[in-house]
Structures are given as structure tokens and as C-alpha cells.
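The chains carry the letters A, B and C, assigned in the order they are written, with residues numbered from 1 in each.
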Amino acid sequence: MHPILLHDDRLFPVEEKTRAIARALYQSVCNLPIISPHGHTDPRWFAYDNNFGNATELLITPDHYVFRMLYSQGIALESLGIPRWDGGNTERDPKKIWQLFADHYYLFAATPSRLWLDTVFKQVFGLTDMLCSGNAMAYYDHITAELAKPGFKPRALMDRFNIEVIATTEGALDPLTHHGTLKGTGWDKRVITTFRPDDVVDASREDFVANIAALGELTGEDTQTWQGYLNALRKRREVFRQHGATATDHGHPTAATADLSASQCEALYARVISGESGAEEQELFRAQMLTELAGMSVEDGMVMQIHPGSFRNHNQPLFAQFGRDKGHDIPMQTDYVNGLRPLLNKYGNEPGLSIILFTLDETVYARELAPLAGHYPSLKLGPAWWFHDSPEGMLRFRHQVTETAGFYNTVGFNDDTRAFLSIPARHDVARRIDCRFLAQLVVEHRLSEQEAAELAVQLTYKLAKQAYKLG
Amino acid sequence: MHPILLHDDRLFPVEEKTRAIARALYQSVCNLPIISPHGHTDPRWFAYDNNFGNATELLITPDHYVFRMLYSQGIALESLGIPRWDGGNTERDPKKIWQLFADHYYLFAATPSRLWLDTVFKQVFGLTDMLCSGNAMAYYDHITAELAKPGFKPRALMDRFNIEVIATTEGALDPLTHHGTLKGTGWDKRVITTFRPDDVVDASREDFVANIAALGELTGEDTQTWQGYLNALRKRREVFRQHGATATDHGHPTAATADLSASQCEALYARVISGESGAEEQELFRAQMLTELAGMSVEDGMVMQIHPGSFRNHNQPLFAQFGRDKGHDIPMQTDYVNGLRPLLNKYGNEPGLSIILFTLDETVYARELAPLAGHYPSLKLGPAWWFHDSPEGMLRFRHQVTETAGFYNTVGFNDDTRAFLSIPARHDVARRIDCRFLAQLVVEHRLSEQEAAELAVQLTYKLAKQAYKLG
Amino acid sequence: MHPILLHDDRLFPVEEKTRAIARALYQSVCNLPIISPHGHTDPRWFAYDNNFGNATELLITPDHYVFRMLYSQGIALESLGIPRWDGGNTERDPKKIWQLFADHYYLFAATPSRLWLDTVFKQVFGLTDMLCSGNAMAYYDHITAELAKPGFKPRALMDRFNIEVIATTEGALDPLTHHGTLKGTGWDKRVITTFRPDDVVDASREDFVANIAALGELTGEDTQTWQGYLNALRKRREVFRQHGATATDHGHPTAATADLSASQCEALYARVISGESGAEEQELFRAQMLTELAGMSVEDGMVMQIHPGSFRNHNQPLFAQFGRDKGHDIPMQTDYVNGLRPLLNKYGNEPGLSIILFTLDETVYARELAPLAGHYPSLKLGPAWWFHDSPEGMLRFRHQVTETAGFYNTVGFNDDTRAFLSIPARHDVARRIDCRFLAQLVVEHRLSEQEAAELAVQLTYKLAKQAYKLG
């Protein structure tokens, strides 16, 4: 007999008084709308509202959380149907892939992927037995059949999931066609874009020089000059704002910022667009650009998100065969104290500026991020991110951040996901863990029940809306 | 209705067996005298015993824990009456400031400041409703009225708080006038000084060269020579000891130490007193001086406290307007293993030497500090410090330190505070958390109840007295 | 009255539902055989099966966990009978040493040493009162008398302890005489060696050049050439495999690896065997050798263990008097992400390769090790190691690793000990803590009871056997 999926009290502490309070707090927030201000879903879904395909192509093949774990246990990516850059053969039969996944579902015990998938299986598709080898094909057939129904189209799911607003993320050169399609449909308030200019800021990318040229074409600015480049960025920000964007997003390797003179900037810019720059110049340029972009945020009010610290594409042979986002981005140590100082000394006290910091390096929660956010008016802390978007990760975040930064220098939860179906599951985990954390404070008489009730609503809904300026 | 302040069982675990043991342990130590061997209160309070002023100037304006949080949420320091260096206008009305503080008291939910303030409000002033906008003026008037009474004078509070001994901290050039006033009054045993020579050791300070000259004048030594400088330091240490000092205190940016030859020392000293030294020379000089000062401690028996790792005055524009200690000192990574080695290889095995280490970088608790203190006879660990002087911070300290260093390589609690009224509150938090930690060990059968009872007294009282050689 | 040693429920959480599940899980695994694939016991014990000596020489003098703590509290190593390199006097009377140890047994409260020793006292020797000054001599006499009995010989204890297989660790030049003695006795399957070539890989050792010459003699290879050196290593690996080895072991200061060209390797090798190499060349050579040795593991299937991050012999004066392994090895920060990349990019995707990573730097659990092991098929994570081989250390390991790496990228427990009698105690702690961790997941509905039951067996027995290829 398979275990039944998803106990109602999952993630709550077992001690009865604490559980009762956690449960009551959770009941008060579990049905609040979802604010999803930082995600990576595909705007085409919402623009054209087509049905999704089969279970495998929706839930396995695109989810690097899932296939990295299978790969770590010796399962070839080819056998999971992950497309190869070189066009080499990969498994085409979605049923075979699903069976392989189900055969190894035990590997995910106690991981967030397991929690999210079980929630999708039960709450989206009504399945109640745990996935295993024996029921794999029944699972596959059921999910795939459901996905063909009208109630499983993207917009229907947006309603069913009670997502009030969702932000996608687009590069600076993106024509925003699909967001354009939404314009005037009423959906343009619920599906907004985010300005992510890494493609025209990170000079280490192979396509950087070409991207700068394209940026010039797109904006009519002379991006061969520093001022033309900055103007082009301003114009793109304006276009993004017209498509709903309230925020920008910056995924740099480090948290380095710089504050160079105008002539130094011009000289550095000339180097990086020459295509001849070295790693140090590229790092300095990214650093300077964070400060420039902060200055633009002071001008136009866009909220700035900085999430540094990932060593992208660590596995070179795998990258050569399969490309980016294949589960081989590995977190690194990150220095926020020295890194952010040039930017903060220039703009950190600006009343209009709002910067949300993320980290993959948990050692900075108590040491650097909470003291910085507990001082600078421009800084707030994003939730536990990526590998730390998990029950234990969220608890560590709250335990290490709250005493110095309080709750109001944090911005609630965001899901940061490409996996649309898992969004309610991810928010549900955050709501449960936040309520659990608050409940522990209450039973230890560190917080009153009234305060906890208000904070539960803040952490679930209000802080995200406010931090991202979503109305 | 406002929540009632301060439950008797606050900070204890909710599980009943553990809570019962924690409570019993706490009952056995909660009335022990306070040993406060590392603090920053003003010796004038005890020397002249004048009443404090109003609620705002005692509790808000000088407390950077409080105003940094308000500043982080967009409240101007001027509106809180924080004095500006440039003489610019700031709010003068203490009632307006108190109201502003009360309006934002919710920001402190679950922070140690909240815990300390609530304890002061209830236990020192007898207030029982939580501070809020509505009762702000009643609070202000009550506190201010109480402060005018004889029972709220510093010495009366010393008795009421049951503070057996309190150490203040003075720079090497301090004339110790106020401690001198206490001489022979009976209070000179209860209020002692601590020798903090950063002002004549840290050559990066603007006043360093002048300080070296002043040190020469004060001691009659030729501080233009390396030997004269060292002699001058020895003389100041002697004077401090005559004013009760049993310890020195060193707040360097890093834990670097050095062991240079005599001729290297002379050359380096000539450089730093020339006022022409660079950052590396200044760092090397501080490093060498920690070793020199350890050598002096071997000679004269003064306990040495080293607490590195703060990036002072991170916010340059704010520093320019408001100066030091305005909530913008941010912790940094600190390397104790390589940093302390030169000093330890020279003096670390000396029977007479006692060095107490503090850190703002919790990642070193288990990795570096506990193994170092669990080996070197000269090393002991100070309590969780500054941002980590909090319930969670203390728990992390004990959880990460105890298994490798044991309890007897730690030195009990010290409050490290300028906020005199909060001293009992801070010690109370430490006593509760230590008892909670011990109780958990007992219920998990990792410690007997007898051992826990003895350890509770050690952690509360005996270890601090012994470590700081306080009789 | 002395407290009774060792409650049956020690280390389990006090909350009743969790404790009941933890206890049940523990009951299901507590009698499983011990797999000890990474240890440092003396093969002579098993080869010749002589009785051990007295209590002091078995339990105190060789245990640096014990005497480092005593030393940290001012007890001279000489008074504990630790032999001096320079032949200086040390205490010879084992009873005096035992008494001194017992007098200070309170220092070990809440340390793993205390837990292990109490377990040895009770479960191996049947003592039930806690050791103290008063019963020290009775303890000593009882233990020493028991040790003289046939049932306390090494092989009898192997059976009594239910140790299925134990691996010792030998240097590349070890003649493996004692393992040779075991050949064909039936014990050669239970007592196997491990290949630890640090003595011929670490060019910073004083004996390195001599070791390279000895390696040539032992193997008949010309170790004055790079190829001859590599061939010699291959031959030694073959000999070790004939003595049961399934694994190699590498204790480098850092996790650096390199992937140099053949000509660069030859030039570097010439430098290091010249005896003239500097610290950077030595580091680069160790780095290159990890990659070379990984390549050999691809060839011959030996499991590779890497455990970096210890600053050996931190206390130079103590090292000069007493030598290595005297409790003054201190953990350092370790960078696995950049360090291991050259090796992983060359061999990390090889199906045949298995590398087990250990760390003394807990900050890398969630940030680096879990993401690396959760991606690379060649990587697995060793258990919490050395200072972290403790209840709290093990809990931090599981809490920080599991959500990203799962359970199946870990390898169960190994004891890493020279202290033979403590092996069951150490495995017992790991079994209790793992069951406790699993129980918490169950009561929080993050894992089903069936899954927890299977995982308890995996973590106790199956994973270690499989990871170390022990049949």
C-alpha cells in the first residue's frame, strides 16, 4: 500500500500547542491571493492560453531540480529526454522517461522537489497514492489526460491558483511580443514583465558584443558610446514599464559594485564593447553597471533585485553537450559588505531607491545581510533562494535574519520558478513555514498572538505587494 | 487591548518537561548578582550619581540598536534627534521623538531590542501594556517622572539591579578622572575601568599621530621611539590597574597578529608615527601590537579581550553627517586560524596569559574558535556578541561551541552595553537561554540534572568572575 | 550519589511522538553489523590479537580528543604521559594520569568524548557510576583487569562489537606486513587496508624526497621520472588492493585540484623532487596529484576519499616538543567549488568514478557540497567529520545537506578513529541521531514511516557497504 500524499499538518511542528497556533495562523492566510513578483514562467502561456502537453514534457524535462538529482545518481540526461546542443540522440518516448523518473522517485525523499511534486499530484491532479514504479503509467495517463481539459489551460489555472499577479523575466533585448499580446486584455495587470539586462551588461557572454549592437538597433541609440548605451538602457526600461514591469533583476557572479568617474566609465566601456576585455575588466564593468542601474532606479522608481553568487555551468563537458540551466550552477561565497559599498555610498540613502538582495551563501544572513538591511533604508532582503527555497532553508533564513533586520526589512515570499504548476505548492510551503516560525515565537512568549496574526498576513501578502510596488 | 508585557516563561521551550527543567534551573540563578566585566556605561553616572534625564534622551537617542532599525525603514535620523556633526537641525522635542518611536515600535517584533525595552518598561518602570501610538505619551510621562526620583539614580539602580561589579571602557589617554573620584568610596571595587588602547594602536585614525604625542606627555616617555612607546603603554596599564582594571580590550578590524623582529618593529613604528603609513602598514602595526600587548599581559596579568571583524562606518555619507556608532558598523568575515597564529606561537602556551575572543562571524564558532579554545590554554571564548547578543544568537553559540570547547572554555555572559537600564534585561536573556540550553541537554540525557545545576551557576556567575579575575 | 550512565533514550528528542518513532527506528537498526570503512586502528591488533595494556595507555594517552581538552584548561601534556620528541620527562605512572583525568572529567560535559567514554565504560566494562575523583582508582583497576581477559582481545572485541569489516589506513610506503599476516586467515576480509599516499604526494613534508626514493626501491620503478612515479603509484595501489583495499584517502590542506599538461607535470615533478620547491609549487603538485589519482581510480575502481581543510600542527612550540596529532590541528575555510573544478571537469562525469568528500568547514554543506553531490554522478558526501562527529554536528549535516543532495548521495557513517573501543559508541551515536532526524521528518509529515524505516537501514548499513564497494 502506498502512503497517502500530503498530510494537512505537514511542515508544522509536532508539539501540540505550537502546532495549534501554526495551524490557526496558516488557516488565516492559506487562501490569500498569490503574489508572484519574481518568476520565470513563459509569457506565451498566458498570451495564447494553449493547453500544456504531456506529463513528462511539463513536469520532468524542463525541471533542473528534478533531473540534476537523477543525474547525480548515474542516470544519463539523454535517457531523460534532455535535448542535446549537438543534436545527439535522446529518449523521445515520454512514457519511458516518466517510468524512469518514477522508478527513482525515492531519491527525492525529504527534498523540496518531492514536496512540490506531491502537492501538484494531489492538489492539481487529484492523485492520492505516492508515485512509484507500479503506478507510474497510471499517473502519466491521468495527468496527461487532465492537461488536455479546458480547466488546465494556463489562464484557468491562474484563476484556480488564485494568482493575483505574476511577473515573468525578460532580457533587455526581448521584444516583449507576448506581453504585447496581453495589452488591453485585462490580463496585462496580472502578467507583467521584469527587466533583466544581464545580456547587455555581462561582457563575459559570447553574444555580448552582438547584443550591444542589437540594443542600438532596437532603441535607435548609438550604443558604441557610453552615453548612447546608458540612454538605450533607459529607453528599454521605459518599454518594460509600459509592459507592467515594476522591477529589474540582476544575476551577477558576485555582489561587486563600483563608482568610477565618467572618463573611467567611458574607457572601460570602450574596452568591453571591443570584445577584447579580460575577466577583471568584465567584473569591473558589471560592478559599475550595478551602480548605474541603481541610479536609473532612483530616476524611474523600478525596484532593483540583485541575486549574486552562482558559479554558472560548473560542469564544462556537460555544458558543451547540454548547455545552460542543467543543474550544474553551484553557489559560491559572496561578500556583500565590501561588494555593495560603492553603490550604497552613492545611492544607499536615497529615499526613492529599493534594492532587494538575494543570496545563495547562507553565512551572510546574520553576518552581513541582516545588519545591512537593518541599517540602509534602500535595502530589503528577498526570501531564501533557489537551493534554500525549502523548509529548512526558510527556517534558517528567519532564524538568522529576524533578530537584526526584523520582519519589515524582508519582502515576503517569491517562487522564482519556471514550473508553473508548482507555484501554489511553493507558496504553500512558505506560508506553512512562516506560520510555524511565528507560532514558535508565540509559544515562547517572544511575540503576542495578535502580532503574529498581523505578521502572517504581512509575510504572505502585504510585504510582497508593497516591496514590488504592485498596487 | 494591548498584550501584557513579559510572560514569566518567556524564552523557555514550550515542551513541558524541558520547560520545567529550564524554569527550575533559572530559578536557581535568576537572583545571583550580575557580573558585568565588559561594558560601555559612563563612569560619571556612578561617580556623581545624578538623576538621568527624560525617557527619550535615556532610551532612544543614544541607542544605535533602536535608531538604526527606524532609519532602515525610512525614518530620518534628524527626526529622532540624533545630533549632526555639522550642526544641522535635528528634532529637539523629546516627546515628538518618543511618539515617533512608539508609532514604529511594531518594527522591533522578535528583536532583542524589543525584549530589552519591554523588560525595562515593566521591571524598571512598572509598565504592563505594550507600547503603542496610543499610550506613547503616558509612557513618556511616567518614565520621565520616575527617572527624577532618588530610587532611579545610578547608584540606587546598581543596588536594585544587584550588579556586583561593572567595568567601563576607557581609551589609553583617558585621565580616568571619574574613576578617580570613586577612589576610596567603596564604589571603586564595583565600578572599574578597562584599558582600551585602540586610539594609540590604530594608525588609520585621523588623530593617531596626535594621540602618540599625547601619550608621551601623559607618561613622560619619549613616544617618538619604539621602546618609549612600549614603556608608555606599560605605564598606562599600571594606572588603569590602579583604577581597578583587570582587563584590556582590542577592537581591531581583523584578527591579524604578527611577530616581527625588534628592528622591523622600530622601522614600522617610525613609519606609522610619521603619519605617512599606508593601509597595509597600519594593519601590520595593529597585528604586531596585539602580540606586544599579549606580552605585556603575560607580564602584568591583565586579561586580554580581542573582538575583531567590524567594518566601522560603512555608510560614508551618514558618517560625514552623524559620525561613529550610528548603526552602520557591519560585520565581516574573520580568519582566526591564520590571524592569531603568530601571537599564539609566541605566547599561546604561557600559563599566565588569558585571552578572551569575540566574533561577529558565527561561521568560526565550530570551525575555528571552539577548536582553538579547546586546545590553547591561553584562549577562552567570549559570549555571543553584538548582533548575536540575542536568543537565537546565544543558542547558536552554545550549539556550535560546546561539543568541541566544552563549557569551561567559555566565560559566561557580558552585556557590552551603553544602555545602563537594560543590563538586567540582557543578563536575564542570557540566563534564560543558558538554562534552556542546559535543560535540553538534560531531557535528551546528554547531561545529568546535577551537572546542569552546577553549570547554570558557572555560566551565570562563576566563570565570568574567574575569567576576568574579579576576586 | 553519582548519576547513572547512559539512559536508553539518550540523544532522542523529548517530545513523545517523535521519541517513540525515533526509538522504534533505532530498535530496527541498533543491532545491524558495523561497517567501518574509514578508520585508523592498528592492524597489529588484529594480526597478533594480543591483549591491550592498562586503562590509561588504551584510553587516555593516545586520544587527542581527550588530552587537548585537558591541555586547554592548563594541564601540562607531560603530566598526562604524552611522550616528548626530545625525550624530556613525562609522567610514567598510569594511575596518577588516570586520577588526573578523572579529576577533570567534568570538563567534558556535553562533549562527544564524554558520550563515547561513558559508553565504553558502561557497555564494554559494565561500569554504571559516572567517573569522578572518588571512584577513579576503582575504575582504573576494573578496566585494567578486564583488559587482561581473553574476551577483551582485539578479535574477541571485533566479534562482540559486531564489526563486519574494518578498514585501517596505511601510507604508500607501508609494507603491509600486518595485513599480510592476516592473509588467508579468514580475517583478511574483515580487516582491510586503505591507500593513503600523502607521504609521497605532499612535497612540503620533510621526508618527501626520501619517500620518493623509497617508493622507487619498493616498486622497482624509476621515481626520478614523472612516468616512473605514476607507475610506482599504480603498483602500490595494486598491492593495497591485494590486501583488501577498496579505497584511497587524501588529507590535503585544501581542495585544490589541477589539470596540467604532460610537460607541465614533468617540469613540476622535477621541481618537487629536487627538494627546492616552494609552497605554491607544492600546493600545485598536490592539486595535480588529486586529478592524477582520480584518473587511476577510474582505471582501477578504487573509491577516492578527499578530506581537506585542516591546518596541521598549528601550535609550533608544542609541535617541536610533542609532534603531530596532539590536538592542535585546526579547521580552515575550504573552497570546493573552484578547488575541485579541474578534477571534475576531467573525470567528474565518469561512470566508474566514486569520490567521497569530507569537510571541516560546515559552511559548505548547503552552499557547495550538497549542490555538487546533487549534480555530479562521481561525488558523494562523507559523514560529519572529526570535530563535527558529534550529535549537533551530525544534525547540522543532515539538516543542511538533505534537501539538496537527498540521502542517497551520502555514504552512511564512518568512525574515523584510532580508539578501537569507542567504535560501537560512535556508530551508536550516529544511529541514534539519524533515527532522530528521520523521526522528526515523519512527525512533520515530510516522510512516511515506511520510507523512514528503509532509510534507517540505508544510513546505518547499506549505503556504507555500497559506497565503499564492500560486497
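Keep this in mind: contacts are C-beta pairs under 8 Å (C-beta built on N, C-alpha and C of every residue); 3 or more make two chains touch, one makes a residue touch a chain.
Predicted, not measured: the structure shown is a model, and the values here were computed from it.
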| item | value |
| --- | --- |
| Superposition of chain A upon chain B: rotation angle, C-alpha, nearest 5 degrees | 120 |
| Interface residue overlap between copies chain B and chain C, same or different (over half shared) | different |
| Whole-Å separation of chain centres (CA-atom averages), chain B against chain C | 40 |
| Sites on chain B at which at least two other chains make contact | 15, 363 |
| In the complex with chain C, residue positions of chain B that touch it | 15, 17-18, 335, 337-338, 341, 344-345, 348-349, 351, 363, 366-368, 370-377, 379, 399-400, 402-409, 440-441, 443-451, 454-455 |
| Complex contact set, residues of chain B against chain A | 3, 6-7, 9-15, 68-69, 71-74, 106-112, 115, 130, 311, 314-318, 327-333, 360-363, 387-388, 390-393 |
